[in-house]
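Notes to accompany the following structure.
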Amino acid sequence: MKELIAKAAGLLESNTVQVVIGYGQGSADRSRAIFITQPSDCEQLIFDSRCIQNLAVYLTKAEIKKMGKPAIVASIPVLRSIVQLAAENQLTNDSLVVLGVSPESQLVEFESLAAIESYLESHKIEIDEKYRKIIEDIKAKPVAERFAYWVKELEPCFKCYACRAACPLCYCTRCTVENNQPQWISVGSHPLGNLEWHIMRAMHLAGRCTDCEACYTACPMSIPIHLLTKSMLQDVNENFGSYGSSISKPNSLSSFNPDDKESFIR
Amino acid sequence: MSNSNIYVPYLMRIEKITQEAPGVKTLRLKFENEEDAEKFDFKAGQFGEYSITGVGESTFCIASSPTRKGYIECTFRQAGRVTSALANAEEGDVVGFRGPYGNTFPIDEWKGKNLVFVAGGIALPPMRCVIWNALDLRENFKDFTIVYGAKSVADLVYKHELEEWGNRPDVKLVTTVDPGGETPNWKGEIGFVPSVLEKAAPSAENSVAIVCGPPIMIKFTLPVLEKLGFTDENIFTTLENRMKCGFGKCGRCNVGEKYVCLDGPVFTNAQLKQLPAEY
Amino acid sequence: MQTENYLIRKASFEKLFNNLIGNGKTIYAPKAQEKRILFEKVQSFGELAEDYIVATNSAKSVVFPRTEKVFSYKKTKESTEIIDAANDTFPEVILWGSRPCDAAAFIPLTDTFNGDYPDVIYNKRQAKVYVLSFSCRKCDSYCFCTSVNGGPGNTAGSDILFTKLSTGDYLAEVVTEKGKQLVSDNSSLFETKPEESKDQNLAQVETYFNQEEIQAKLQNLFENPIWDEKSRACLGCGSCAFVCPVCSCFDLQDEAHGSKGKRLRCWDSCGFGLFTLHTSGHNPRETQGARWRQRILHKFLYMPNKSKTAGCVGCGRCSRSCPANINILDTVTSL
């Protein structure tokens, strides 16, 4: 990734950015996010199949924001998160420099967030057939069976909130679960509490999730919670005609159009 | 505890509620169980976990003196979920209490010395316990100075007791409010506690200082005490970290190798200087 | 008690398992699933995971569950009744397939939950747990037990330690009275001491650092940029603390259902932003760097100094599970 390294180093040298957020060598067969402030350290940047963590999560992290304006290495999933963050007013054109990486591992530069959005037109979200089938099968179960299915799947969940921590769109400074007046969601890990948390998380991502699967990858218990978010994605698409938001078009779930479908109101 | 399960609280009944200041209440609690009342004892400086079952627990010092038997008191400001529930409780309601936890003010070591108490705002409660404890044993101590201040006259807690202390010939009481917090007939000082303390200039000779207040007050009071000649071993304070279990297991109040709930909350300034700055 | 050595033949090993199940014992063992190996209740020998280094989660749940009811209550107009959960019956559990690192972790855990305020519920559970561990034949780059006074064949914390020999039979080291009781209940399966040594059947775990040296170094590293540096990628979740066999921080939460309810002790983590937050808004550990520092100092300095127990057993789970691939070994060796 010589081009990427050179570009990143250049941005630091000219002080256009103060930190480069990218992937570096991790432990064993994984990569680890690195935060480069010295141009010569850009040599540490890598990009290969190990690089699956969604780096956009660091764009809203206080300690990283304090470092200054970032440049961020962004594969397709990261680009989608960046656009969603921009649509939610968390980023502007001046907030960052995006060093896109195409599926062919080529450096792609963007002049603006709108340019990223155009680029993503040719890389639209598509729910894989494999997942469509699983979700269909689960939805086909009678309610009691579906409930039991999820209670069982969520049993290993011990409320570490890695899913929340890894999701680039979970950036609330005080999460709903961290409020106790009232205590909306139980703190402990038990069947009801686990359901409460995961349903709430999926609902809060409705219309916002960009299908990066960071939640699933982050889960130390490998619980397939991305099935919930993918299911939400499908539902939102069916009812509102798009998966997520765009910078020009407001969020499906926080805007109202007179010709919105109302088929779900019974 | 009333039984061996360290998480199970004593059941207490609220005997009396006093509105001390806006948002600040004192609860006088009696043990539901006679046996618990008889066996219970504590020393000045200790704290407890006060709770309403179904809502949760909150950490406050025991604000009454151990020399007064038959009840304990706590004073708190309504600030969150549990304190709101406690603030809404009525006389006759049942609350839970786990304690006493923590270490104590070494009152025995202070015998024969001058005592200087410095407190601000809602931090008077932990001191009130040791003030009454010492006053109940008044003959053991020499000069008694209390410097106490709050944002405004309305925010002063224990107003009746301040009057009582002020009227005693064997106590020098200096009360102050922040500039702008005075009322037309306010007779006390106007100024922040550290500067009022400096003005009062209690002697450091054979003296012990007990300081309690918000971090910002402590920050500016300690240099004044140092200037007056108080040594680190003779300045005592109580830390108010976030605490949950009260017995050194949940991890919240861990500072360096110490647990504020086990090794504190009473610390000398010398001990505080040994701790990493994480409190 | 002096450790007693026995031999268990390959065939007898499965018989031992079946005997235990047959006698109505509850067995918790690593069970392999698609992407994880979890300590779960198992019913048959076939369910047991083979060929694993450590299970994904730790075995601490058997003595320190994720949520533990400490008491329940009933409110009436007149008063509140408290029903002490310490009076409940706690199940006898056989932990089958913990590693020496998992077993060693029970020592600091038990120390934390005792001291001046013994936790009766923890102790009741612990009294009923039999720890049957297996030595490690292999390890990976995440393992570092030998750096923290542990080892792939250590018996500390186990009631019986099994080591698989080249013949397929097992050396059984019976360490405690509890272990001895299990042996005598199944005496026909335990034969005399085997000829083959344990050491040739153990993994070679690289030693990366010396615990005592690190302890000394950490005394002076409170104010050091390394904490911010190493924690930049940290997302502030609770994965590391929750998969850790030693971590024991907890929260106390009330759950009410009308006039009844209970108080629960739930897992918590010093890595969460709100862990030390005061009601006033002041947070002594405001940055993730301060919280990462706490994790390292608590495990490698405060605990060894204060309670003379290990704060970390070198199992590597935290690093394996970390969504950001932060590696505790990497931080410690960089000091």
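Which chain is which? They are A, B and C, in the order written, and residues in each are numbered from 1.
Simple rule for what comes next: contacts are C-beta pairs under 8 Å (C-beta built on N, C-alpha and C of every residue); 3 or more make two chains touch, one makes a residue touch a chain.
All figures in this text were calculated on a predicted structure; none of them were measured in a lab.
The interface holding more C-beta pairs in contact, when B-C is weighed against A-B, is B-C. The most distant chain from subunit C, with centres taken as the mean of CA atoms, is B.
Centre to centre, using the average C-alpha position, subunit A and subunit C are separated by 32 Å. Centre-to-centre, using mean CA coordinates, subunit B is 39 Å away from subunit C.
Centre-to-centre spacing of subunit A and subunit B amounts to 48 Å, using the average Cα coordinate of each chain. Counting partners per residue, subunit B has 56, 80 as the residues that reach two or more other chains.
Touching of two or more other chains is recorded for residues 251, 253, 255 of subunit C. Chain contacts: subunit A has residues 183 touching two or more partner chains. Remark: subunit C residues 70-71, 73, 75, 79-80, 82, 84-86, 112-113, 115-121, 222, 248-256, 261, 263, 265, 268, 270, 275-280, 282, 284-285, 290, 294, 297-298, 301-302, 305-306 touch subunit B in the complex. By the touch criterion given at the top, residues 26-28, 30-35, 53, 57-58, 61-64, 156, 158-162, 164-166, 178, 183, 186-190, 214, 217-222 of subunit A touch subunit C in their complex.
Here subunit B touches subunit C in the complex through residues 3-9, 11, 32, 51, 53-57, 79-80, 83, 94, 96, 214-215, 240-242, 244-245, 247-252, 254-257, 262, 276-279, going by the rule given at the top. Against subunit A, the residues of subunit B that register as touching in their complex are 56, 80-81, 84.
Subunit A makes touch with subunit B in their complex at residues 180-183.
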